[in-house]
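Below you'll find a set of structures to go through.
Each of the next two complexes has chain A plus one other chain: chain B in the first, chain C in the second.
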Partner chain A sequence: MFSYNFHLALKSLKERPALTLLTILAIATGLGLYTTVKTMSYQSGQVPLAHKSKNVFLLQMDNREVTADAVEHQARMVDTTYKDTLNLMQMEMPGVKQTFNWSTYGILNVEDENINPLRTFAAVTNSAFFTMFEPPFLHGNGWDKATEESGEAVIVISKLMNDKLFGGRNSVGESVRINTHVLKIIGVLDTWHLTHKFYDRSFSRARPDNFFIPYSFAMQNGLPRRAGFDCWAANADIARSFRTENTERLINSECAWVTFWAEVPEEKFADYRQQIISYMESERALGRFPRELVMYLTNLNDQLAYVHGRNQFLNTFSVLATLFFAVCLLNAVGILLAKFMRRKKEVSLRRALGAKKKTIIMQHLLEVIIIGFLGGVLGIVISYFGLQGMMSIRLYSSDYTVRVEDVLPYFQLNWTMIGHAFLTGIICTIVASIYPIWRLCNVPPASQLKSQ
Partner chain B sequence: MDIKPIFLGLKQNKFMAMLMIIQIAFTMGVLSSSVLVATTTLQEWNKPSGIPHEDIVRISPEFFDDSQDVGQAMFNDLKRVKEIPSVINAAPSNAVPFTAENMIDVYLATEEDAQGFKTVVFESDEQIIDVLKLSLVDGRLITASDVVKGDIESTPQSAAEVMISQDMAQVLFGDDSAIGKTIWLAKNADPVKVIGVYSNFMTGERLNGRGKSYQSIIRPQVKWSQTQQPHYLMRVEQGTAVALLEDIIDVFYLERGRYINSSELLKRTQKRMYDGRGSRALTFLVLSVVLLIITGLGITGLTAFQVTQKRKQIGTRRALGAKKSDIMRYFLTENSILTLIGLVIGVAVTLSITFELSEQAGQNFFNLSVLLMTALLLWVVNILAVWFPAKRAANIAPAIVTRSA
Partner chain C sequence: MLRMENVSKIYRTDLVETHALRKVDLHIKSGEFVSVTGPSGSGKTTFLNLAGALETFEEGDYFLDGHNVKGLSDDKLSEIRNQKIGFIFQSFNLLPDLPLFDNVDVPLRYRGMSAKERKERIEHALETVGLASRMQHLPTQLSGGQQQRVAIARAIAGDPLFLLADEPTGNLDSLMAQQVMELLEDINSKGTTIIMVTHDDQLARRAHRNIQIFDGQVSDIEKSVADDVIRSA
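So, the complex of A and B:
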């Protein structure tokens, strides 16, 4: 019976190829766009460090003065002061790792005058950064605690910088200059794709940092600090100057600007939280933290959910793509109806000869599934090109300042998305065909045989 | 033509009518939302630049070695770059057209409540007018003797005379001549005198986004420090810019301890100014076109189905004396009624979508004329989509009615 139905379904598909093609095209176009947007949304919603993201927390303590405005959401809360950062790093707690960082920039150059200097962004951090955030190393390693405490001039550079400045050879042990400071290379990273550069809270995409240096070196040598400084009124007027100068004053100020991260296993969370609160209380005894004690420990998943929800372009685009798909499905309903109703006569004859409604439904359902299948395949092909197109637009709109390698992961189909698209295609086609099939199988037997 | 039979016909086939209405309403909603988003994004897009941007090169070097003398380097740079045969003229400037984002308020009085006018100040030397190929509209040009030059530390004085753009003059002084008038570049700054008015040129996105693209001031002063190094603008012979760029960069790398931050034709700077918005609008427009095609095909399918359904009725009508044009008109009117209902619902859908989007983006997307234009376009596409099946219907032979029982 199945093979007979299958045979009939195939025959009917071939019967009016234009209408069949139209149905498939309508479904495929809608599905193609829908999958394009869903894939972009899915890929940019990927949480970095997925295997431990729920245990990696951003720490924010409200150290602001009494007159400051209340803060309702973690995203609006200030970061950490340099003072607190150093104090918290002293806290010993087995199983808990802590790191912190801020952004800087510098002009990387080498002795060789044939290689032009490069200006690039970078992260200033401590040794735990490499064990907590796990960037892949191509050569060498990160630095250790002793090195950073001594203020030694060491640097970890990205693969891109290594390729540009050293032609891709193992440059560990060689030196490089940031502006006029000479630093020793101790590690070269491999390509490190983070869906969002979360650690400096910029959540920027496709613009990885190109070198990493120890905080002590950066502070001692006055490297620029690309950060927002949330200062008390006393320092508000010079807050901007902290970007490049007044390092001493910044260290002793109540200005919050360092992003502070902790990796805390689940069973230690309550303890860690308590420890931070006791720290705040002890500092309060010294006249700091004048407000109600508010602190946030927000894990990566929650932060990403918030950032992702605010992606204006994707949100607008998602709404439109879903509606677009709906329009395409409505079209499919119309075309299927037109197609099926032409077969009224045949169906009424078959019914008159004893075919059950169920048989008619089965036969047409099979046909629709084949259409859905083909629509799905074509839809996936369209979404592949759609994604390529969106990627070109992304490259164009960033004026080719981002590299294809860095952007590619945001526009890549994977099996999850393909499977998802496929199922959506078939299910939606079946839903779209319910009414046309219902109409067809309700044609009274022999009703169409009277005429002609 | 009697409308009544059409309604009777629609009543008979409620589902088809509903389907068509929903489809049109949805299409209208999606189409007009994306067109509205696109047109809003494209406002103030690709306006005339007022300068020969294909023949102007900008270079923005940056010293990383603090021991270098910025002033001396600038002198060397300008001398060297002007020695390149195809370079016509060069000037240092604190801002670059298309990316001049340092927006300030300029005042006509010093009172506390004086009204501010948005503008961008270009600090440069007397060559800037020629480099940008601006023309003199009123007053006189700045000369070498007007230019205040020096290290910021050792040069406290500022230029007391400025030139302003045509649009700036219009905004500040209306139809009066701007020459000899006094303006203040900040509330408590020293007054400066307007000595000339030059032709408009594009400043940058911040003013452009406010519809004030051409309000600018040129102040004849060049000041520098380690943290404030000038950009260079140079005009080259027509069409040679692309080929010359590498040579020009090499000249700037002759100074050591320095890095060239950007080096490009102003044409590219202009592209960058617009392309974030341009590409987004383009995406939406492409979507709209695809959607229109799909809906058109869908309507054709549905009408073709209707025609098949009504073959016999059509034959009867024809046999009773209806003309071919009557049949055509029947289908076109029927479709127009459905389209109208669909469009009304569609406008409601659009309003809610744009309202939601405007809320999210904090920007008003709504525009009545665009909405009406979209509705009209959709109507035309619908008529086209119905035309072909209707034509086929009109060709149904009256004799068909005689065939059956």
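So, the complex of A and C:
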């Protein structure tokens, strides 16, 4: 019976190829756009460090004057001051890791005279960065705590820079110059696929940094702190002049310019939090933290959900694509209804000759599943081109400053999305066919066979 | 084999109730050839539809092969139509895009027979109606009489208990009508019960027994009497 129904379904598809094609196209276009958006949404919703994202927390302590504006959770919320950073790093708690980072810049040079000096950014951080955030190493390693404490001039570089500056060879042991400082390369990273550059809490789609320098070296040599930050109370002026400020003045300032992270296992979380609060209270006794003790430990999942949820473009586009898909499905209902109603006479004959309702349903369901299947396949092809198109727009809107490799992951179909699109296509087509099939299987047997 | 007791059928629309059949009592025995006559709109098709389990009815009982058909599920009725009844329609109702072979195949498919058995039955049925050499032709390539013979092949391929024919010759010229009638008589002579609605008195008279329907009421007349009635009418 199945093979007969399948045969009839195929025959019926071929019978009116234009109608069949129209139905498939209606489903495929709707599904294509829908999958384009869903994929973008899915990809940009991927949490970095997924295996431990719920245990990696951004620390935010509100150390501003009483008169400062109220802060909304997560909105441009304060970073951490350097002195708090150093104090917190003193806290010892087994199982808890802490890291922090900021961004610096300088002119980079190598011995090879064929390579022009280049202006570059670098991440300044501590040794725990590499164990917490797990960037993959191609050669060498990160630095250890001892190296860091001695203020040694070492650097970790990206694969991209290793290719560019050293032609891809193992450059560990060689050196680069930043401004007047010579730094020894101790590690070369492999390509680091982060769905979001989270560690500077920008959550941008920018590539991770190309250079990583120990904070001790950066502070001892007065490497500048890049980009704006908040200063308050007596230090309010620093914020406006930080570029020329020597870092000496930043060290003890009430300026929040360090992004502070902690990796805390679940069972230690309450203790860790309490420890931070105790610290804030003890500082308060010294006249700091004048406001209510506002403190946030937000894990990567929550941060990403927040950033993702605020993506106006994706949200709007999602709603539109869903509506469009619904319209396409309604259209498919119309076409299927027209197509099936033409078959009333044949169905009433088949019913008279002994076909059960469920057999008629099965025959047409098979037909619809084939349509859904083809619509799904075509929809996935359309979404592939849709994503390519969206990526072109992204590249264009950045004036081609981002490279394809950097944004590709956000516009890439994967098996999850393909499977999702496929199922959606088939299920929605079946749903769209319920009414037409119901109408058809309820045609009374022989009712359409009256003599002409 | 086919017994109706007090069967009534009412068609209800928003405005009117049509008493298409009124308290029909009838018994048709195995092997009979029964003709059904009556004016247009008198309820002949309705009677055949009930006999063929194509429609349900509210009142009375209908025993088919000893089982009461009343109140059976739609699935069960489909099974009965498929296994016990062969239908022949005035306008043939072949599927135009299927070759003869596949047309005859339709009821057998819904019976879930093996391919081998279906093939044997189809070939045999088409042979019986004299169209074995045209198995792969499309219905449109045949004359009306030939098409009706294909419909007859489709009806007999499953060895039904009886054939129901609703004006099987109504769309045919008299020569072709003759041939179809001869074919039906031939099939009947081999034991298949046939109930045939017709407008043609000549043909009606050739049946063993004639049933007349007037305004939904059935009068059942044995052949000898029937002849008189028809002659005097």
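In this text, the second predicted complex is superposed on the first by the 440 of 452 C-alpha atoms of A that agree within 3 Å, B and C clash if a C-alpha of one lies under 4 Å from a C-alpha of the other, contacts with A are read in each partner's own complex, and residues count from 1 in each chain.
Methods note: contacts are C-beta pairs under 8 Å (C-beta built on N, C-alpha and C of every residue); 3 or more make two chains touch, one makes a residue touch a chain.
These numbers were taken from a predicted model, which means no experiment stands behind them.
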Touched partner set for A:Ile24, first chain B, second chain C, both or neither: neither
Contacts of A:Val319 with chain B and chain C, given as first, second, both or neither: first
Touch count on chain A, higher of chain B and chain C: B
Partner chain(s) touched by A:Asn179 [first = chain B, second = chain C, both, neither]: first
Partner chain(s) touched by A:Arg350 [first = chain B, second = chain C, both, neither]: second
Which superposed partner A:Cys328 touches (first chain B, second chain C, both, neither): first
Touched partner set for A:Ile107, first chain B, second chain C, both or neither: first
Contacts of A:Lys358 with chain B and chain C, given as first, second, both or neither: second
Chain A residues contacted in one complex by chain B, in the other by chain C: 451-452
Chain A-facing residues of chain B, complex: 15-16, 19-20, 22-23, 26-27, 29-30, 33-34, 37, 62, 64-67, 227, 253, 256-261, 268, 271-272, 275-276, 278-280, 282-284, 287, 290-291, 294-295, 297-299, 301-302, 304-305, 308-309, 353, 356-357, 360-361, 403-405
Chain A - residues contacting chain C, complex: 1, 4, 11, 15, 345-346, 349-359, 444-446, 449, 451-452
Interface residues, chain C side, partner chain A - complex: 49, 52, 54-55, 74-75, 78-79, 81-83, 87, 89-91, 93, 95, 97, 106-107, 109-112, 154, 166-167, 170-171
Complex interface listing, chain A residues touching chain B: 19, 22, 25-26, 29-30, 33, 106-107, 109, 113, 116-119, 179-180, 244, 312-313, 315-317, 319-320, 323-324, 326-328, 330-335, 337-338, 341-342, 390, 393, 396-397, 399, 435, 450-452
